[in-house]
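What follows is a pair of complexes built around chain A, which joins chain B in one and chain C in the other.
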Partner chain A sequence: MTLLLLFNITNGLIVGAFYVLMALGLSLILNLSNVINFAHGGFLVIGGYIAYAISPYVGFWGALLLAPPLTAVIGLVVERVLIRPLYGRDPLYSLLLTFGLAFMIEDLTRFIFGPQGKPFAIPAFLAQPLSNELFFITGYRLFMVAMVFVAIALLFVLLRYTRLGIRIRAGTLDLETVAALGINVRLLRSLNFAVGIFLAGLSGVLAAGQLGLEPTMGTGLLMPSFIAIIVGGIGSLPGTLVGGLLIGVASGVTAVFFPAASEAVIYVLMAVILLTRPRGLFGEEGMMG
Partner chain B sequence: MTAALTAEGLHTYYGKSHILQGVSLAVAEGRITALLGRNGAGKTTTLRSLMGLTPARQGKITIFGEDTTRWPTFRIAAQGVGYVPEGRRIFANLSVEENLKVPLERGGPWTIERIFKLFPRLEERKLNRGRQLSGGEQEMLSIARALLINPRLLILDEPSQGLAPLVVREVFRIIQQMKAEGISILLVEQNARMSLEIADDAYVLDDGMIVYSGGAQELAADEARVRSLAGASAEEWTLA
Partner chain C sequence: MTAASSRKLIVLAAIWVVLLLAPYWMAPLGGYTALATRVLVLGLAAMSVNFLLGFTGVLSFGHAAWFGLGAYGAGLTLKYLALSTPLAVIAGMLLGGLCGAILGTLLVRRRGVYFAMVTIAFGQVFYYIAFQWSSLTGGDDGLRGFARQPLDFGLFKLDILSDANIFYYFVLVCFALVVGTMGFILRSPFGRTMIAIRENERRARFLGIPVERHIWIAFTLSCFFMGFAGALYALVNNFADPRGLHYSQSGDFVMMAVMGGMRSFWGPLLGAAVFVVLQDYLSSITVNWMSFVGLLFILVVLFFPRGLLGFFQRSKA
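Our next item is the complex of A and B:
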């Protein structure tokens, strides 16, 4: 029983780490550009399939290194061509656009790579369980979680200590004033979008190593990631971090006792938190300090 | 005398309301130009039009010889225009130091170190968040931020608003110091008397139209006019 619980908590943390990675990117884009990016799961798929396509040439490590920035470049083009013209309009426009884009990416992936799942090979030493006792903790799972936390730490450093990051945070508070201080806010939004998509691409590569590839692999992560943002408090990146881990673990633990409710519990948790703290857990605090 | 900025026949709207109705003005290089007028006259709207924040639908704006009429805000600022907005608009969740890292780094004499020499108070509070500052400190931060893009033209929107008289004097002293540094200044104020004391040229705006343009001294000498045109608050403030 304890082992089962531990297994599911571990699972929940790993899934939660993915929610966090996705939700941070969504949050960055939402906060600075007021775009609810429904295509975010699509970019995860793109990241995964780019890794799959290039790994025969560059290997697993090369794919891990190259796929996220390549995904970010695709994100830059999409932002420039499709999303930028919609800034300043009703957020409904960009929501509909990214919603459609999500379907297009899924269909395009199916068209290019076929509807069946694809395996994505990881280095053999990472695939080993750590011990017979804790069979569910493979090296790869630890590696994934470590990568997620490295990405989060780098994001924190970017936002806290670089001028780009400081301007992004300033822009989420008052973009007009950032522009009046001479900052090219179009470029700022593009770069910020690319950072968010980079994180989605990284999620894609990491998820591919654990679950293999499928054109629909992004869909299941999208709703929980939105909920992670809402639970944590819109506008707060630490909130997003806590929110993602929280709902991951909650659904993992629920899987032990009421397997059928493991998905519903996410929504229940959101409802309970919003009833007690309408702005989410970190809503009052605002941006990361 | 060359102009740092000229605006000709600006017409600006918020939706359907026609706010600026043909505003023309010029800011001479190296001088302080005051733009006065009662509450709601259109002073802020004029500055927002000049900065491209609420672009004018008609008219022409020239800044340092470039036609900036259709330029986006960031490009106008990057020309060397420092803007201190109404209500200061500092980034409340960012530390003082972070606030100072937002502006574009245009080359020039102003660096964060030099800013800290001019405003020692900001250095003491550099790790505090913007929202923890007093009104006076926020005003200093807003001015400091605008100076860090190394402006050739500084545009200030009611920098004395809501400040204690002593702090107001400090703000006006800094504006004079900036003039001495060779920065051209466009100063919007409710505080007519004090601004006319430091200004070289003056305009008065009423209902979206310029109703006075000329020397600051001449306007200051005309008690009745200052009182009637610049609004009741002209009464309250004098250089004590």
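Our next item is the complex of A and C:
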């Protein structure tokens, strides 16, 4: 029993780490631009399918390296053409637009690659279980977690030490002042969007290796990312990190005792948080609410 | 009577004439009565969303949950409790409205994007319940095995089950009741307060208006309307579907409201008509209709953000 519990906690942490990767990208875009990017799951799908399309030529490692930046470039174009005109308008409009965009991405993926799932080959040494007795966790899952940690570390370095990152953080707090200081806010938003989409693309490649590829794979992963953000507190990236891990573990542990509720429990968690601490775990009152 | 108010009356009369005669002009135009019934029900849902969105300025992106709960409430009542159409509609409305009222207490302090996100997430709870609780709801296959019942008035019976036209008029009467209630509320001091909150929440607060309580009441009312529309929808299809609770359905409702014109009372009905007919048409000619619906979302947001009615009003001015 203890072993099973331990296994599910570990598993939950792994799944949670994955939610974190999605949610951080969403959170970045939400914090700076006030845009709920409904198409985030769509960009995950794009990242996955780009990796699938280029992996015959560049291999798994090449795909892992190239697919996220390519996805980010697509994100940059989308931001320029579709989302930029909506800044300063009611957030309702960007929500609806990305909502429609998510429809289109899903349907076009189905149109191009077919509705059937596609396998995505991962290197053989990663596909093996680490130990047959203790945990049936494959090397790939640990690799996923490692990649998530690398991505988070890089994001931290970017936000903490680079000029771009410092401006992003300042813009999150007070975009008007940042603009008044002569910083190109449009460019800042574009780059920030691209960073968020880069993370979605990376999630797509990693998810493809674990679950295979399907045109609808983004939709199911979007909602837990939303909840990770709400639980952690809107406006706080560390909050998103903790929120993602927390809901991963919560649903992992629930799977042991009451499997049917493993999906519902994250909503219960969210309700409890909203009741006891409406701003979320790390959110600041009055910032977004 | 001023020119503006008499023009308003003429428009109002025209809308009702069009609705009353729908079964007669739909068919020659290539439509069918059931399509008109669906437009009416989905239009009612879009108007309920807009009651909150357009007149209180609060964006709920999870309203499909109350719609779907209304549908399940009506379906389950007909299947297990009582073979009565009015009871089913009332049960559906109560289920959607009461669940909305309870969750509303958790939501009212949130604003803007935060409110939207929390409503999406909570809406999904009901989707999962409908999806997982197969023994009661039929799970992914939806709830089947019930049908709307003829209305028995003692002296005479109305066969709304097999006669599409009579059913249309039944739905139209229900529609008129709810829309009348909505209009009455919006014209009351409470409705004016809702609009004041939309225009300037801070000022409304300074005037001593309990903003949270007003938003909660508006939210709850809109959930009841939504549950009512959902119950009617279950009667239209004799079927309730978990996808009716999904957030993508909420997106459709918001889209109908925006496409028709959020700031106008009748806009969402127009939006629903365009949306339903277009979707019906697109899905009959192409399997990739989702792309076209997505494209429609993008085009409306970029080029017609004030909706069809807003667009016409501006070009007239």
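Basically, the second predicted complex is superposed on the first by the 283 of 289 C-alpha atoms of A that agree within 3 Å, B and C clash if a C-alpha of one lies under 4 Å from a C-alpha of the other, contacts with A are read in each partner's own complex, and residues count from 1 in each chain.
Operating definition for what follows: a contact is a pair of C-beta atoms (placed from the backbone, for glycine too) under 8 Å apart; a residue touches a chain by one contact, two chains touch by 3 or more.
Just so we're clear, the structure is a prediction, and the values are computed from it rather than from any experiment.
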>> Quick one: is A:R141 in contact with chain B, with chain C, with both, or with neither? Answer first, second, both or neither.
In response: neither
>> Quick check for you: in the superposed arrangement, does A:I166 touch first (chain B), second (chain C), both or neither?
In response: first
> Between chain B (first) and chain C (second), which does A:A264 come into contact with in this model arrangement: first, second, both, or neither?
Replying inline: second
> A:P85 contacts which: chain B (first), chain C (second), both, neither?
Replying inline: second
> When both complexes are superposed, which of chain B and chain C contacts more residues belonging to chain A?
Replying inline: C
>> One more residue to check, A:V178. First (chain B), second (chain C), both or neither?
In response: first
> Thinking of the overlay built on chain A, is A:N34 touched by chain B (first), by chain C (second), by both, or by neither?
Replying inline: second
>> Touch test for A:F226: chain B only (first), chain C only (second), both, or neither?
In response: second
> For chain A, which residues lie in the overlap of the chain B contacts and the chain C contacts?
Replying inline: 289
>> Which stretch or stretches of chain A touch chain B in the complex?
In response: 163, 166-167, 169-170, 173-174, 176-186, 286-287, 289
> Residues of chain C touching chain A in their complex?
Replying inline: 53, 59, 61, 106, 109-114, 116-118, 120-122, 124-125, 128-129, 132, 247-248, 251, 254-255, 258, 288, 290-291, 293-298, 300-302, 305
>> Looking at the complex, which residues from chain B come into contact with chain A?
In response: 51, 53, 72-75, 77-78, 83, 85, 89, 91-94, 98-99, 101-106, 129, 145-146, 149
>> Going by the contact rule set out above, which residues of chain A touch chain C in the complex?
In response: 30, 34, 36, 38, 82, 85-86, 89-97, 99-108, 110-111, 223, 226-227, 229-230, 234, 260, 263-264, 267, 270-271, 274-275, 278, 288-289
